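Heads up, the next two complexes both have subunit A, just with different partners, subunit B and then subunit C.
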Partner chain A sequence: MSKSKHYPAYFLIGTLLLYVVLYLLPGLIGIGYSFTDWSAFSDKVNFLGYDHMFDNYIKAFSDVKYFGYLGNTLLFTFVTTIVKNVLGLALAVLLTRQVKLLNFHRAVMYIPAVLSALIVGMIFKSILHPADGLLNSTLKIFGIKGVKWLTDPKIAFWSVMGVDIWKGMGYIMTIFIAGIMSISPTYYEAAEIDGAGGWQKFRAITLPMLAPTMTVTTVLNVIYGLRVFDMVYALTNGGPGYVTEVLYTGIYKEFGYGKYAMGTTLSSIMFVFMAIIGYFLIRAMNRNEVEE
Partner chain B sequence: MATKKLFNKIGVNIIAWVLSIILITPLVLIVINSLKTSQAAAEMSLRLPQAIQWDNFKTVIERGKLGVTFLNSLTYSAFSVILCTLTSAMAAFVLSRNRTKWNKLVYFVIVLGMAMPINFIALMKVMQFLDIINTRVGIILLYAAIQTPFNVFLIYSFVGKIPREIDEAAIIDGCSPLQLFFSIIIPLIKPVLVTVMVLTFLNTWNEYILPLYFLGSSDKWPMTLAVYNFFGMYFRDWNLVCADIVLTSLPVVIVYLLGQKYIVSGMTAGAVKG
Partner chain C sequence: MKKTLALLLTALMLLSLAACAQPAPAAEAAPAAPATEAAAEATEAPVQKDITLTFMASQDWVQDAELALAQKFTEQTGIKVDYQIVPSDQYPNLLQTKLNSGECTDIFCSQAGRFDIVTTLNVAKNAADLTAEPWVATMEATAAAEVTADGKVYGQPMQDTSAVWAIAYNKKIFSDLGLSIPKSWAEFTAVCDAILATGVTPVYEPVSDGWHHVLWFAEMGAAYEKAEPGLVDALNGNTKKIADSAIMKTAVAQIKEMADKGYWGENYMADVYADQPAKMASGEYAMTVANQGLPQQIADLNSGLTADDIGFFVIPLADNQMLNVNPVGPTRFIYSGSANVEAAKQYLAFLAQPENLQYMIDNVAKFQNLPFSGLTPKYAGTVKEFYDMYSEKGTVLQTAVKYVNPQWMEIGKEIVSVIQGMQDDMTMLGNLDKNRADQAMAAQDAAW
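Moving on to the complex of A and B:
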């Protein structure tokens, strides 16, 4: 039986057209454009010349502004990945125990994840408002003086990360819950017979058995963090100054200024970086499938 | 020992409630303030409204042009769901069943898209070339494209669990590839298709970067972008902003509550074996 006859290649046409033309192709021609002076101010796009072809890249890594975008993106990714993993795991452990109204709690903690980041950003713009936001008014009741969460350069980026963690940890929790539920209860029963306490069971059974799950949550968090746009755009739009600017918001600004070549250069840096990360994602996910 | 266990049990429940309340408070805040007058909502507190202002919703529907933007969001979501689910399912079916060297490479490249960033600026060039920039068709195609990698990934692994003997029996009975796919395979992979449809719907509804880049005219904006614009114009009237947020989020929350089972199974796919 000829497989190609029964599973014909024309089934792929729709997907390939969409994916190649609108996803892959822009990534690739974007790399080409990163060696040019493409901008909104001229109809012509000129190659920078062999002597200067990497100028945009040199600028991306040497200009304090652009370098700051890269640094912020990495800091954001690093912090949110760790905190979401830790809190997500803690919530998952809590919500796989004998808690009443378990499904209610799980549903509530997941809801922030289904809302649009833009809307979450707007909600927290109100809550974090320095004068009459809910957070500072609550702190006031306890006699604590509030701070300018989103406009103080020293604090703003941490506030953005905090809101992002609030929104994202329910998602990570859900994955961990599925992971914990797939651990056979016989391990815990055996440990109980040996007299293991809660913490010992967590360290000796839950944590090691969750290693594959944790690989995936980490990769998901890293991919999300590196591509973050919504939350920053809605909360601070990169400000004050550039202190909360990440790569994707920076690229959007370059687009707005008409500096297309620089925008596409920053995109291309991400493209290469993420291709490497994507390779590990697929490996991590495929390993789970093989073990099935 | 028994008392310690009881304490533990109560403690765990208390912690769960405290956390749930912390997570839900911001949303409660929005709902409460959407029912207040403008003056009462100015301080954005959790105090309950003195008199419920249902009119706020009427006002935002009129001033925020929610009718048009709702239809826009619905159009984009519905068509991208149909288009992306159909193309992804067809592709995933063939890629999963016929694992030639070439098809394996295609699958790998598609799935790599789950991590790859989109180069929006170069994409603008492609859209201009295809003459679909600032069009509804263009934005629907984009939504379908960006969700292709994850959807192919989900359906691919599901198809792998369907026994191949079913195909063979159908082929012997004289099914053409299209008949096999539409009348035999689709009913069998329905659960994953529902997951894909729910997730694609939610993602399209919530997304706003693509319209930000590629839809210049406000009459084509989806609800999310319109609510943000409304926020910019009416930032003094938090009651209206809150009412707008409530109305924009309502479809998402309804779909989430109805499709919770499917969302969770989709979002945890690949992360957990089995």
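Moving on to the complex of A and C:
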């Protein structure tokens, strides 16, 4: 390739400028606002002072309510990431076999992923209605008394996670299918000659060969989990009480109540979380690539 | 040469990007755009004919009858009125942003309230003084007090403020069971028990919407003040906390009792406000907290119930027997930074003409009266009977006490946490105090 075909370095300027102006600068200004008393109740924005500059952060970590948002977000991320990966992988293994109507089954599993989370949320709100929802009505036919899926504080958050897993696993499955299809069949043939069973083939060939794919799905799930908003908003709007509130629904409400400084504080905490988790995930990903 | 060309291309690309970026803020500010247009027109040509007044309101606040009046106004004066209607969940935020950034419409609407117009709207800075307007004298005193700050009138009420949130009951169910209107909490629970025993759910309470169940707590303001005289002033002066009020604690406990005893049915957490008329019409529920528009809505469903089959009595929590009035409603304000203050004043004066107010009452189903003198209200018999039943009146909590109305939805969540056993009533009342303090300090209230 001749040297002139490379783009010169100053081509970066435009992108860099846009990136700085549209991403970096607003981000930094946002973090700056978290050290102020910015709110809708006053048109003045005052710096909190050096003695009190971390007041918003102290409040975010000491207030049971905000701490609960953080805990819920992490729980949501942890549970949905693991379950989506496990179920997505199981479905992918099933749907890479010789099954009748293979593409139909794949499409059925994938369809929820293309629906908007708000629509899924609204549909499930009606399905999970305690009195005349589809789920409890069906259970009633079999003589089982249904529970209050979205309004019982002990169950609500698990229902939200369940709906999110239902919606998200088809997408993860598709990525896994692509990963499995890229594994050369010669490995399986060799294993079969050696007399390996289905489980041994899965454990010794499929799983290790899928490690890079799994890193990708994990990164996607973790990032999605941390910034979940629409599913919770549509299903429970954080209720009953505050039990299903996650960071982004919390941030949205802080802004709604006009507590702008608290909103930016929570956003800044989220940013730091994402940066740390992103850093480690990318490192893990790179290590996998090196090992290959 | 190539380098120069590349540089030139980069510059061009940046320029085009900048050009692309430009429409974005303009689009965001679109609702305010006509204001600047109008301002420009006003300065270029002082002839009134070219003025377009911009008017911003939350959905449901502007009635078709008002739009018809606006058209009539345009025909008479040549001044056009451009109504911008915003979804209600986004409205308070958008209005605050516009006021804080100095880009508001000529006329804006907001809930009034003698405290909120100072702390939230900052009317002294953001709204034009309307004290000298001719229609101010015709405003009812209670309504006028809620749009007045420091002796100056800033707003014009736009809706019926006479409707009261009370318990609407199915008269047929009551007479079948030989029940009469309860006058105390004990009588109310006895009525509920009697209804529950027949398999009918005593109360339809749509908690799912987040705001409706708060009415049980906040509409009792007058009863709280009666039980603990001086409470309202003490709360506003920050010499007493909500958590220190025994009567408010009682009310919260009674709300929980209703839920625990099954008066609200099995699925109140999932019930929605939109189903209220249908649920009441079905006969599955005997009572619900509603205002006086409900009987007509139930009658319109053709369920066999007429408007007169629905009666009202005040919410008897904390043994309340006073009519809970709330003279606050959506209100029109003129933006002080508007270039068309005079034309806007002219429009408000037009809307406040007796024949136009009467036109609104006659043509808007949910309006039974408007808070101005010299009008003919259209109260139905059952509603009038209800208003006449109570000799004492008192103001609701969210209007009498500062920093309650802005945290309405949060109070809803706090109450649910109590009902569901996730926190006790003292924690809830303490959280209300905490939220009030947050807002008071942000507003630099001297009492905090």
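Here is the rule we go by: the second predicted complex is superposed on the first by the 254 of 292 C-alpha atoms of A that agree within 3 Å, B and C clash if a C-alpha of one lies under 4 Å from a C-alpha of the other, contacts with A are read in each partner's own complex, and residues count from 1 in each chain.
We adopt the following convention: a residue touches a chain if its C-beta (ideal position, glycine included) is under 8 Å from a C-beta of that chain, and two chains touch if they have at least 3 such contacts.
Owing to the predicted nature of the structure, the values given are computational and were not obtained by experimental measurement.
Of the two partner chains placed around the shared chain by superposition, subunit C is the only one that A:Tyr257 touches, whereas subunit B remains out of contact. When both complexes are overlaid on chain A, the residue A:Gln98 reaches subunit B alone and has no touch with subunit C. Touch criterion not met for A:Ser62: it reaches neither subunit B nor subunit C. In the superposition on chain A, A:Ser39 makes contact with subunit C only, while subunit B stays out of contact range.
Of the two partner chains placed by superposition, subunit B and subunit C are both touched by A:Pro8. Taking subunit A as the reference, the larger set of touched residues comes from B, when subunit B and subunit C are compared.
Applying the stated contact rule after C-alpha superposition, one finds that A:Gly278 touches subunit B and leaves subunit C untouched. Judged by the touch definition given at the top, the superposed model places A:Leu150 against subunit C, while subunit B stays out of reach. In the superposition on chain A, contact of A:Ser267 is made with subunit B only, not with subunit C.
By the touch criterion stated above, A:Ala107 is placed in contact with subunit B alone, subunit C being left untouched. Across the two superposed structures, the residue set of subunit A contacted by subunit B and also by subunit C is 4, 8, 11, 14, 18, 129, 255.
Those residues of subunit A whose C-beta lies close enough to touch subunit C in the complex are 4, 8, 10-11, 13-14, 17-18, 37, 39-43, 129-131, 148, 150-151, 153, 237-243, 255-259. On the subunit C side of its complex with subunit A, the touching residues are 2-3, 6-7, 10, 13-14, 17, 92-93, 96, 99-100, 119-120, 122, 125, 208, 210, 266-267, 269-270, 406-407, 410, 413-414, 416-417, 420-423, 438-439, 442-444. On subunit A, the positions that touch subunit B within their shared complex are 1, 3-9, 11-12, 14-16, 18-19, 21-27, 29-30, 33, 91, 94-95, 97-100, 104-105, 107-112, 114-120, 122-124, 126-127, 129, 132-134, 137, 166, 170-171, 174-175, 178-179, 182, 212-213, 216-217, 220, 223, 226-227, 229-230, 234, 248, 251-252, 254-255, 260, 263-264, 267-268, 270-271, 274-275, 277-279, 281-282, 285, 288-289, 291-292. Listing the residues of subunit B that touch subunit A in their complex gives 9, 12-13, 15-17, 19-20, 23-27, 29-30, 42-46, 83-84, 86-88, 90-91, 93-95, 97-98, 100, 106, 108-126, 130, 141-142, 144-146, 148-149, 152-153, 157, 160, 167-168, 171, 177, 180-181, 202, 205-209, 212-213, 224-225, 227-228, 231, 238, 241, 245, 248-249, 252-253, 256-257, 260, 263-264, 267-268, 270-274.
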